[in-house]
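Chain IDs A, B, C and D follow the sequence of writing; residue 1 opens each chain.
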Amino acid sequence: MKPLSRRQMAWRAAQDIAEGTYVNLGIGLPTMVSDYIPSGREIVFHSENGILGMGPAPKPGEEDKDLINAGKGLTTIVPGGVFFHHNDAFLMIRGGHVDLALLGAFEVAENGDLANWTTEDPDFPPGVGGAMDLAAGAREVRVLVEHTTKDGRPRIRKRCGYPLTAPHCVKRVYTNLAVLDITPEGVVVREMVEGLDLGNLQERTEARLRLANDWKRLEAPSL
Amino acid sequence: MINKVVDNLAEAVAGVTDGATVLCSGFGAVGEPVELLNALLETGARDLVCVSNNAGTGDEGLAGLIAAGRVRKIICSFPRTTDPHCFEAAYKAGKIELEIVPQGTLSERMRAGAAGVGGFYVKTAVGTKLAHGKEMREIDGELYVLEKPIKGDLALCRADRADRWGNLTYRKSARNFNPVMAMAATLTAVQVREVVRLGTLDPECVVTPGIFVDRVVVV
Amino acid sequence: MKPLSRRQMAWRAAQDIAEGTYVNLGIGLPTMVSDYIPSGREIVFHSENGILGMGPAPKPGEEDKDLINAGKGLTTIVPGGVFFHHNDAFLMIRGGHVDLALLGAFEVAENGDLANWTTEDPDFPPGVGGAMDLAAGAREVRVLVEHTTKDGRPRIRKRCGYPLTAPHCVKRVYTNLAVLDITPEGVVVREMVEGLDLGNLQERTEARLRLANDWKRLEAPSL
Amino acid sequence: MINKVVDNLAEAVAGVTDGATVLCSGFGAVGEPVELLNALLETGARDLVCVSNNAGTGDEGLAGLIAAGRVRKIICSFPRTTDPHCFEAAYKAGKIELEIVPQGTLSERMRAGAAGVGGFYVKTAVGTKLAHGKEMREIDGELYVLEKPIKGDLALCRADRADRWGNLTYRKSARNFNPVMAMAATLTAVQVREVVRLGTLDPECVVTPGIFVDRVVVV
């Protein structure tokens, strides 16, 4: 079995983004997706702190402390990029103008429920940021997440155990083992990595899986 | 390459269907996308619900649509502005339905439609006949009326400059309803004076980001 | 008796506007108020169609068809003036940021009710424009109106006969005969033109009047 | 002559009282009015309710107020941002109350406070524990939660340029919460990099019109 690396997961998610899509990338793994957009394909990246047309991280010497992304890392804008205030940034999210939110997750349930904001760890104060706005508002929500936790517990579940970010919002999940669609008929496997069959994958998944008739091998270049 | 600039007015309004709700920008004739409205007339679309501050000036644009009997209903704050004879004739003949909405509430209802707000409470119109039949609510000892969002199937707007991503700037008071209407429709078409190269518009000064715009046509 | 002319009414209302006030002037008579602000006093005029810092009508040759006021007349902006969209213009009104609205009226009632948007004339379709937003939203509402109709019926009434624009909103009324304050104790006469006493004024007024102890003669320069 | 420019930071925050609700702008440290917040600390005001996206970075600004025990409650979307040690210490010691609000709802609640909107319905947080205890409503077949406005007694903001009327422009993503917070308080004080002569700022590009601003101080 050849699980994808995190970079390969980001690459795989990037391939599905059509030209002209307005995309918000969550903090962490999803942020890496912008590195793997096929060249020549114009995608407009939205940042909750008031940017459309966000570009790559700045080159050394070109950093501007007033230009940051949602994760508070330094960023840039591309030609055509614009600035606006927080209220307009979230009007775009809540009003369904952002076509796609690619988010991280703790858990996704077979009905599309998403849990990605708190594990209720008593040692840390909770924080939600823009997670609920994105999950409830973006026209489509896709998730990037390792298929299981480090100790092997499944993250694709029948019901989420952690508090929900939004119910019924996730349409597609990219894991290190598979590409899964959340459909009214359940969780459908679109792609699996080499060396896995449905039985092996089901063992690592709490949600009931169905194999798409036209399923494919999940493959990514070395990155 | 993203390119929202279309070749002509017909392309800009293509696909509108009978019965559509059309947000028609402008304050009187200023900021009114006259040529786009004329193009809408040429599509033959009928039974339209038009949302606009006024109800047409002179014979062109929104006035022309009304004169041709294409507008089933108009939602506006003030139908009689400079030279409203097309609307007045249709109204007196009982050929057009009129819904009067206070101007700020009209604007805010469209913003709600744009912003994913399902309803909101304002004090405007409380205690007046324009609140009749609307749900009231007391909040912190004051009465408010519940207002519902307005979403357009199509918005027709007018701006000064655009780029191929649909970023827009306006000119003076011709800005008026354009930014809020551009946000509040499924399909937004904008007529502009000039299309400039991507990256030319100052990113601090773009008023309508291209995310709200679908088609741009130079007039 | 020396009733004020319309220009003198506008002049009188202008004298009460303190420096730094954000003012919205209604269409018609109130628009004339801007001509009579004492020189050197900075007032910021707001227009519902997206202008702060509106100036006088343009000089010949300096007209710009994209720069109009709420009455659709050509206007100008002064240094410091700015443009914004309709939604922000009405946020300023509804949110109480506009300090003062000076409006015309058909009738004002002794409880501050204002009727200024429709006489229900069946020959004309109704139109409200920004009247209700201003009456309900501005921090203070004052009215400029002739004391009676052309055929002598009082406009300052016990209750408005015409449909209301907003209840309980008017604080002060400038007429061609008097300056009146709407108070919790009723309508108080602050100023009357020469040749009137309270009895004469009451005859022209349906609302019950009280004379302020410190009432003054209502006087204005020839204009 | 209207002149909103004050001489120093102490004047800019003068008059704030114990128990005040203070809107503290910034997204992390970007756009945070650090010097105004430091000046607020020096006033000695306590028992404050602070509304901010985060809960302070490092030791200055909002973090300094929290470390000094001046903040009774913080309303924010994400308390833990870069270096939140002042907040974390206060939170673990049970010395600060925390209300978590989704970021867009936080912004929209302040806009409602600014716009005379008494309440509004959004889908954000429906079906989650952040909607517990809030009123729900079905609109056109979908569930919404009722949200209430937030108004500040004081807003502390940071901008790039200003004129004596209080018109403001911002710089890149330092704009963030500043425009909405500037609108939503009874008293708005803004620290700026530069004050320019009236008429210098392009009237098409002013982001916050001076009507929302009370005091400007150059830092």
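One rule holds for everything that comes next: a contact is a pair of C-beta atoms (placed from the backbone, for glycine too) under 8 Å apart; a residue touches a chain by one contact, two chains touch by 3 or more.
Only a predicted model underlies this, so the values are computations on that prediction, with no experimental measurement involved.
Of all chains in the assembly, those touching chain B and also chain C are D. The pair with more inter-chain C-beta contacts, choosing from C-D and A-D, is A-D.
Taking each chain's centre as the mean of its C-alpha atoms, chain C lies 35 Å from chain D. Mean C-alpha positions place chain B and chain D at a centre distance of 32 Å. Note on chain placement: the centre of chain A and the centre of chain C lie 56 Å apart, centres being C-alpha means. Mean C-alpha position of chain A lies 30 Å from that of chain D.
Residues of chain C in contact with two or more other chains: 83-84, 94, 137.
Multi-chain contact residues of chain B, defined as those touching 2 or more other chains: 108, 111, 115-117, 122-124, 170-172, 204, 207. Remark: the chains found to touch one another pair up as A-B, A-D, B-C, B-D, C-D.
Contacts from chain B toward chain C in the complex involve residues 27-28, 30-31, 53, 76-82, 87-88, 91, 98, 100-105, 107-108, 110-111, 122-130, 170-180, 207. On the side of chain A, the complex with chain D involves touching residues 47-51, 64-68, 72, 83-87, 89-91, 93-94, 124-133, 136-137, 163-167.
Across the complex, chain B is touched by residues 19-20, 22, 42, 44, 46, 52-53, 77, 79-84, 88, 91-92, 94-98, 137 of chain A. Of all residues in chain D, those touching chain C in their complex are 1-2, 111, 113-117, 163-165, 167, 183, 198-199, 201, 203-204, 206, 209-212. Chain B meets chain D in the complex at residues 108, 112, 115-124, 137, 139-140, 142, 144, 148, 169-172, 202, 204-205, 207.
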